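Next up, some structures in structure tokens.
Same chain, two partners: chain A is paired with chain B first, then with chain C.
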Partner chain A sequence: MANPKRILVVDDELSVAKTVKFILDAEGFETQIVFSGEESLKKLEKEKFDLVLLDIMMPKMNGWQVFEEIQKRHPKQAVAFLTVIKYSDAVREKLEKEGLAGYINKPFDNDDLISRVKSITSD
Partner chain B sequence: MLVKDMVVRDIVAIDSGKDIIDALFVMFSNRRLVLPVFNGPHFAGTISMCGYAELLKDFRGKTPESIRVSQIMDKKIRTVSPTTDVLDVIDKVTERGVYSVPVLSGHNLIRMVTREDVMRQFLPLLRGRFNVGDVMSYDVSVGSIHDTVESVVERIISGDEKRIVIMDYKKVEGIICIKDLVNVLLAEKSELSDMSVKDILVPNTITLRKSDDIAKAAEIILDWWVGGVPVMDGELEGIVKDKDILQRLRFIM
Partner chain C sequence: MCWVPREEITLEREFLQSVLDGIEESIVVIDRDYNIVCYNNAFNSWLKRPKKKIIGEQCYAVIHDQPVRCSPCIVRETFRTGQFFETSHSHDMGNGKKVYHETKSYPIKDASNEVKYAIYMFKDITERALIEEKVRELNKFKKKILDSAGVSINILDKSGNIMNSNRGAEELFGYTEDEVRDESHSIFYRKEDGDLLAKSMQEVLERGKFEGEVTLIKKNETEFPARLTLTTVENDSREPVAIIEIVDDLTQLKKAERIIQQQLEHLKEIDSMKEEYFYSTSHEFKTPLTSIVGLTRMLLDEKVGKLNDKQHEALELVYCDSKRLRGAVQRILDIARIDSGKMVYNIENVDLNRVFDEIIGGLNVLLESKSLTITKEVGGDVPTVLADKERLYMVIDNLMSNSIKFTPQGGKITITASKEDGNVLVQVSDTGVGIPEEDKERVFEKYYQVKSGSRDNAGGSGLGLVICRKIIEDLKGKIWVESKLGEGSTFKFTLPYKS
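What follows is the complex of A and B.
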């Protein structure tokens, strides 16, 4: 049996992070959660993940900063934004050019979350 | 102390031919409110989040990707030299809407000094010198967690309010400032009318008391990238802002 895909959820809202973990673990992913950008960077120094699901609007280190830092330190790491804000098409296109692997809106539909994560991690 | 002797962050710049989305990406990911703009190899001006928000009044209806940095950059900026006294720099960065000042050696930009840089550099001087109550502003803009994003955007773009303390009845839930707003302005316009402040607020219930050391306020402002911290004494009393702290700092240097 293949190893489960590993997902790191970075969200300062405990309820969101736990919900994502619950949904993805039930689908066979191995999900870990951290509550800040700083924690995610420490985690990525020690462990490998197939995808980082990153909240944008976090205190202290915002998601944009974390994304930039992950790209510097781990250029091949897949990162998707997990955000309430639905950015315009132009913004989304630019983000993809910058290396963002995907974009998931909150609140999310369970099936949509699963299919997007599967799609990104199957590449 | 002279500007050249200060410790400041590296320069992060943007090309004048880039669009506003590019500029905002660079600002957010590098935690800068102001970027120097280069026209090829030449320093040409600055672009700020604050300036962008204000200019939206004139660019309403235009999408961020259709506006070039060169169209909205500030070309008439005041600069300083490496041998300028830090006191003069504090005067400049605490002017309304000015958050940083370019340092030029000849025509070359050698650094940008920001409010954050000054506060970080002189934080030890502040410790134990003043209480929050000595420097805070009692005039504070307040909004509700249930306000629409559109109404808050309008208040900040159209008025003098650059920071709005968001309350849920008598409890502070966070602060909305320019950087939060600009992030929202990158969203699909059709989405804004359905969003409430709660959707875009980064929860931050940190408040101070009048008796707290002003250095504590400076540390929170630097750590959380906010321009101010609400002051509570049972209920909201006011706000202590980065500008208030720097202006007080100037008098003890």
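What follows is the complex of A and C.
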């Protein structure tokens, strides 16, 4: 595929990050994984990504804090939460207003994950 | 009217009489034979019954209605000793009533200092005596009330000096009433609380009331926490004449508060430990399942290479079981959360029609495999319900799966929603084997499984309906079942909606 969309997966759980990479790469995306918020910020300084998939529950810097930092430094960067935490529709709408590109629950359905990532990165 | 004896009385008769008549007290002059020789208007008025004759009559007959001389009698004492006597006495009027007299007896002596007459004066002090008796009674009553009160009550004057101390105060502070009378109540306060003392007195005198918590001191110098209430007693002109000081010993209360506080903190600790436990257990189970389910699916979809038939079949089985496992983990974690009250619901407005469609869609394969027909009916007036969408989904999915499980080939399943009595009523019916009467409540118990003859893939751990009931009840609804053995069952539950 010419110019594959680039995805950055941020999750402290190795198996989850690798699984997501497997699934997305099989669809033609180019996926990189990092295991912490700090690492993701460093990566974003050097490389461009079409979408950052952010876990929320991480030690040291949690997903909220990473989201805030990314918005400060790279305001146009598309970020979606990929998390076990379930928020109500009201909270999710609010997040979207604040610039969150999407919200995907873990455990996810493969097809669901794929179609959500596709729709966010197409335009 | 005066019978003048022939012996010398040098005053003019009328002058003497008018002097006597001007005196408010009753006056009777009595001779040594106890005859009345002279009396005044006051006496005459006092005699309620008109007497035919007073002069010359026996004093004890006229005054006291007695047939013989009274005993004791101050007139007799005057005759005996030539002295002035006064006394108060009560005296039965014969009709059960008592009168109180203040009486005086003066001697009249002749030239040789012999007592010739006695001037007997009396004032009817019945009213005053009765009032005094009443006051004594009231004081006794007051003391009894004060002493029976469980709390410490001191009555202070306006300057804060103690006038009375009840038994409660004696027991609390350790001073007897006598020991503290006329002392300033500042003896109960700590030296450093001088300002508080002054402020409280000022406030009660200005506003009529003061309430606050203070530390007070007992006679044995121990300090204790207390609630202090000061109120004023006012006279008719609304001026304070006394201050009532009520002291509540808060020692026990404070101790109990401390214990409760400690227990609360302990509970909070346990609570947050539970929260951590649930999170980490949840995480430990869900995380591996993510890769197991996700990657198996990916392999099955041949996204990373083709599979031969055997590989496909084997992976299919793994995938199926991994989903089963994930479902079971989800259910168990949910039960644990619900059980310990740590379940957090996201309540929102849920469109039942959409939920039904999604669930039916998900169960289509199963329905087809048993050739079951499914009918859905949602009344036009059915509003959105207030519920946690995901948990509601679980409940309905559970009921539907049960129906499918217990209904034989070719049967019928119906799911309906209607508006009823301020709630929405959801019903899932089947033409299945039914539930025996005695089991209708028990199906909602943990680990209970109806002994069905069904050889279907049982799968359930018996945990489903227990969670369903807990969830529905947490969402402020009710769930129950109606059934006829051999004909089918209908599971019903209600949910509130926002009107």
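Heads up, the rule we're going with is that the second predicted complex is superposed on the first by the 122 of 123 C-alpha atoms of A that agree within 3 Å, B and C clash if a C-alpha of one lies under 4 Å from a C-alpha of the other, contacts with A are read in each partner's own complex, and residues count from 1 in each chain.
The rule we apply is simple: a residue touches a chain if its C-beta (ideal position, glycine included) is under 8 Å from a C-beta of that chain, and two chains touch if they have at least 3 such contacts.
These numbers were taken from a predicted model, which means no experiment stands behind them.
In the superposition on chain A, A:Ala90 makes contact with both chain B and chain C. After overlaying the two complexes on the shared chain, residue contacts for A:Ser15 are found with chain C alone; chain B is out of touch.
Once chain A of one complex is fitted onto chain A of the other, the partner contacts of A:Glu27 are limited to chain C, with no touch recorded for chain B.
In the superposed pair of complexes, A:Phe35 makes contact with neither chain B nor chain C.
In the superposition on chain A, A:Phe108 contacts chain C only, with no contact to chain B. Shared contact residues of chain A with chain B and chain C: 13, 57, 84, 86-88, 90.
Chain contact summary for the complex, chain C toward chain A: residues 282-283, 286-291, 293-295, 297-298, 301, 303-304, 326, 346-348, 390.
Residues 12-13, 56-60, 62, 64-65, 67-68, 84-88, 90-91, 94, 98 of chain A are the ones that touch chain B when the two sit in their complex. Per the touch definition, chain A reaches chain C in the complex via residues 13, 15-16, 18-20, 22-23, 26-27, 57, 84, 86-90, 106-108, 110.
The touching residues of chain B, when paired with chain A in their complex, are 21-22, 25, 28-31, 63-65, 180, 183-184, 186-189, 191, 195, 199-204, 223-225.
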